[in-house]
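Structures are listed in the sections that come next.
Shared chain: subunit A. Partners: subunit B in the first complex, subunit C in the second.
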Partner chain A sequence: MSTTVIPIVALSIAFLAPVLAFGQSPVFVGDLTPKPASPVPAGPAPRTPDGKPDLSGLWQRPYVPDMTKTTKDQQGTAELPFTADGLKAWKSYDAANGDYTGSCLPFGLLRSMNSPDPIQIMQSPAYVAPLYEQNTWFHVIPIGKKHREGATPTWFGDSAGHWEGDTFVVDTVNFNGRTRLDTIGHPHSDALRVMERFTRTDAMHIAYEVTIDDPKIFTRPWTNQRIFTLRPDWEIMEYSCEENNKDLYEGHLKPPPR
Partner chain B sequence: MLAVCVAGAGLLVSASIPLAAHHSFAAEFDSTKAVTLQGAVTKLDWMNPHIWIYLDTQDESGTVAHRQCEGGPPNALTRNGWSKDSLKIGDQATIEGFRSKDGTNTCNARSVKLPGGKSVFAGSADDGAPKRPAQ
Partner chain C sequence: MNTDKNFSYICVYLCLSAAIPVFGQSPDLGAPGGIILRPGEQRPELQQPAPANGPAPRTADGKPDLSGIWAAAGYTTDITKDLKPGELSMTPWAEALYLQRRANQSKDDPEGLCLPEGAARHDPYPFKTIQTPKLIVILYEGNVHSYRQIFLDRGHPKDLDKNWWGDSIGHWEGNALVVDTVGLNDRTWLDQVGHPHSDQLHVTERYTRPDAGHISLRITIDDPIAYTHPWSVTEVSRALPNWEIHEYVCNENNKDVQHLVGK
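Here is the complex of A and B:
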């Protein structure tokens, strides 16, 4: 293994040397020539100083526009167990009458986790915070705390995180009920409870599992499983949904019903 | 030389519900109205949440139409190696896509090709939009 790592490190130092030669403040000069590949981590999951698996990093994820579908790095639930009300909510949905994301309203927890853009995960002993490139949103998950009582329901919900061995478990409730689970528009209600499990299986991957529990819409909980891949060669980018949302500004799509 | 071709492709399009990365495809575009536009690029918006390509097309009578097509998100395109300089004002481009439901000169671009067949802005997202039939 060392025979492959050493040349990469050497390349990295060689690449950095000219930058450092100009002082402490490297200036971006628009050089788009190919760069040496970033060192690719290998081996087991790294750990933080407090001994927990380190979830930090920029993660590429499968785009999941439809949580019933199984695609690369995504295992869906093909048949959703709708209640009568749930089936009615699903059958009556027509995005042409207004998809709230077209208006750049917050995607909410599920559609943010299902989005095609990467997420940057920040981690400390007290918090884990996914930074979603999609629309430059973020979500803060306190570790070891209870859900807030009497809090106003929100788009992303109220999350409480805890460690189960080497798996970080996130329990989220108190959604405002104005979002959809995925781009295709699968419904949920304000009774939604989302359980997410993050397991860094090795240096390059997180096994992610999300369970949807909404007794108003589904007769039983159901699950998707995914693989996230570390992208040390990427950096998170700015994303402003409002910047040039011509679809909405010019009336090509409708704002959502209120 | 310049042409606009609207194909009645509904029967050939996949029955699956089409999607786009930012908002639902079906919220704005019609998967039964495939369109091929050929013309000169007049402007490019390299901005979130989608790039927009503007081009002037001309029909057989010589009438010029100003058209605009939504492309992929600039972040994903950037990671795939494209930039705002990949398509220049005046370039002759062929765009294959789908028309908007509102009847304006607006489309969702599924492919953008330059003379010689070189594709630009390709591979922005596997977003589940319908496959276009062969032209």
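Here is the complex of A and C:
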């Protein structure tokens, strides 16, 4: 296990907001472990015993701090179709005034999927569970269940997954509205509905598409498309946002008002 | 499922975790480890009907299937409370640290700062196990809502950095999954009352599924800096077949940090 986690933690806690405010791009390093090299899998997507495409594995993803940008393995939506309220929420955001992630509050579903660190996907016939290296958070997506009724809105929302042929489709609602879509701060409301589509196109890749539907903030749904790459020799490392986050403990830093 | 109810227990735990040991009350309302509740309250997941019983299921590769959601059965307040006299023997270093934490009303409990609880400490929230042949994952509803990975396809790396969860590897001994964890930092506590450990802590967990409805965990604490000989405790959790892990955000509205003043 390398020591890269420490600079990553320090960077994200101390510099996330200011760095982005200045438009710089922090460098994040994937974790290479001393595990013996595995043969690089090739060929078609493997399948689970129940015949579904197997999404399991450790996946490197493009870092998407700004969902309007198109970069390597990421196709953004350049012009977001803001409503009047949406445009106001976007223009009024300034990371220098505090961002919830500085207090180690959850990135939420979208920003976790946009984070630079890899994810480990665990899959069973009953659920798919992405494990994010980002803050060692996880999310569980039950398969074939309906959304819970009357549940408390949450940071990651309530996900329901189903298979459409070889594509795993995740429909997520009931967000608490306290997160941002990406690091640069694109807004959403508690009316957000997220549709994600995971397709393992071959042994080494997942094609990922995410659609943002939030009628309070955007006049129509819009999408991002990405490619995830399998990293059979990597392991997810531990990531504690709270470790030594003195600004939070000593009360110098407060989450932004709700 | 009543999520609001669940959240109320989060508050109870956060609010009372430091205060309860101070007043010498016994918050343990269940055996063997106990769960912190207001008097008369029962955690909502435990109001579920008893799980179907029968033999433990097995995975496609013939191993006992430890997958599932399990009620907490940990020794939340005092992991040593059921040990017999002589089983627990603290070194002078550990005893002094323990007494300091007691005198200070557990003010500096890292859990109150939403820091990870480590590999050996348990809290009153359910956990979910996910089992694959090479990787077993435990998702904790509490324990800062994080996960642990147990690798079955490798040994411990040589150049481990000390961290909160340590490095966990597992192997099967008959029907038992034996998990060996080293590489832990010395910043976590073993329980609320503050039983200490050093960074030489070596945790061995032995998971078995004696029947479909239960998972048994025997934890052995081996830490020559803190204890003169190893000691073990056993926790048995019931299955929660119709339950789900709920979102738990320790940092959300955790106003108490600055109010935990100790003495």
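In this section, the second predicted complex is superposed on the first by the 211 of 258 C-alpha atoms of A that agree within 3 Å, B and C clash if a C-alpha of one lies under 4 Å from a C-alpha of the other, contacts with A are read in each partner's own complex, and residues count from 1 in each chain.
In this section, a residue touches a chain if its C-beta (ideal position, glycine included) is under 8 Å from a C-beta of that chain, and two chains touch if they have at least 3 such contacts.
This is a predicted model, so every value here is computed, not measured.
Visitor: Output check: A:133 vs subunit B and subunit C. Expected answer is one of first, second, both, neither. What do you get?
Guide: A:133: touches subunit B, not subunit C.
Visitor: One more residue to check, A:240. First (subunit B), second (subunit C), both or neither?
Guide: Both subunit B and subunit C are touched by A:240.
Visitor: For A:116, is the partner it touches subunit B (first), subunit C (second), both, or none of the two (neither)?
Guide: It touches subunit B, and subunit C stays clear.
Visitor: In the overlaid three-chain picture, which partner chain does A:164 touch, first (subunit B) or second (subunit C), both, or neither?
Guide: A:164 contacts neither subunit B nor subunit C.
Visitor: Answer with first, second, both or neither: which of subunit B and subunit C does A:63 touch in the superposed model?
Guide: first
Visitor: With both complexes overlaid on chain A, does A:50 touch subunit B (first), subunit C (second), both or neither?
Guide: neither
Visitor: After the superposition on A, what does A:79 contact: first (subunit B), second (subunit C), both or neither?
Guide: Neither partner.
Visitor: Between subunit B (first) and subunit C (second), which does A:184 come into contact with in this model arrangement: first, second, both, or neither?
Guide: A:184 contacts subunit B only, not subunit C.
Visitor: Go through the superposed model and pick first if A:102 touches only subunit B, second if only subunit C, both, or neither.
Guide: A:102: touches subunit B, not subunit C.
Visitor: Which parts of subunit A are in contact with subunit B and also with subunit C?
Guide: 104, 238, 240, 243, 251
Visitor: Give the list of subunit B residues in touch with subunit A in this complex.
Guide: That would be residues 17, 19-24, 26-28, 45, 47-50, 52, 68, 70, 73, 75-76, 78-79, 83, 100-102, 104, 106, 125-128 of subunit B.
Visitor: Which residues of subunit A touch subunit C once you look at their complex with the stated criterion?
Guide: 1, 3, 5-6, 33-35, 49, 56, 103-106, 120, 122, 124, 129, 131, 136-138, 140, 142, 148, 151-152, 154-156, 235-236, 238, 240, 242-243, 248-249, 251
Visitor: Inside the complex, what are the residues of subunit A that reach subunit B?
Guide: Contact set of subunit A toward subunit B: 32, 63, 65-66, 71, 94-96, 98-99, 101-102, 104, 115-117, 133, 135, 183-185, 234, 237-241, 243-247, 250-254.
Visitor: Spell out the part of subunit C that touches subunit A in their complex, as residue ranges.
Guide: So the residues of subunit C touching subunit A come out as 1, 3-4, 7, 60, 67, 113-116, 128, 130, 132, 135, 137, 139, 144-147, 149, 151, 154, 157-161, 163-165, 167, 244-245, 247, 249, 251-252, 257-258.
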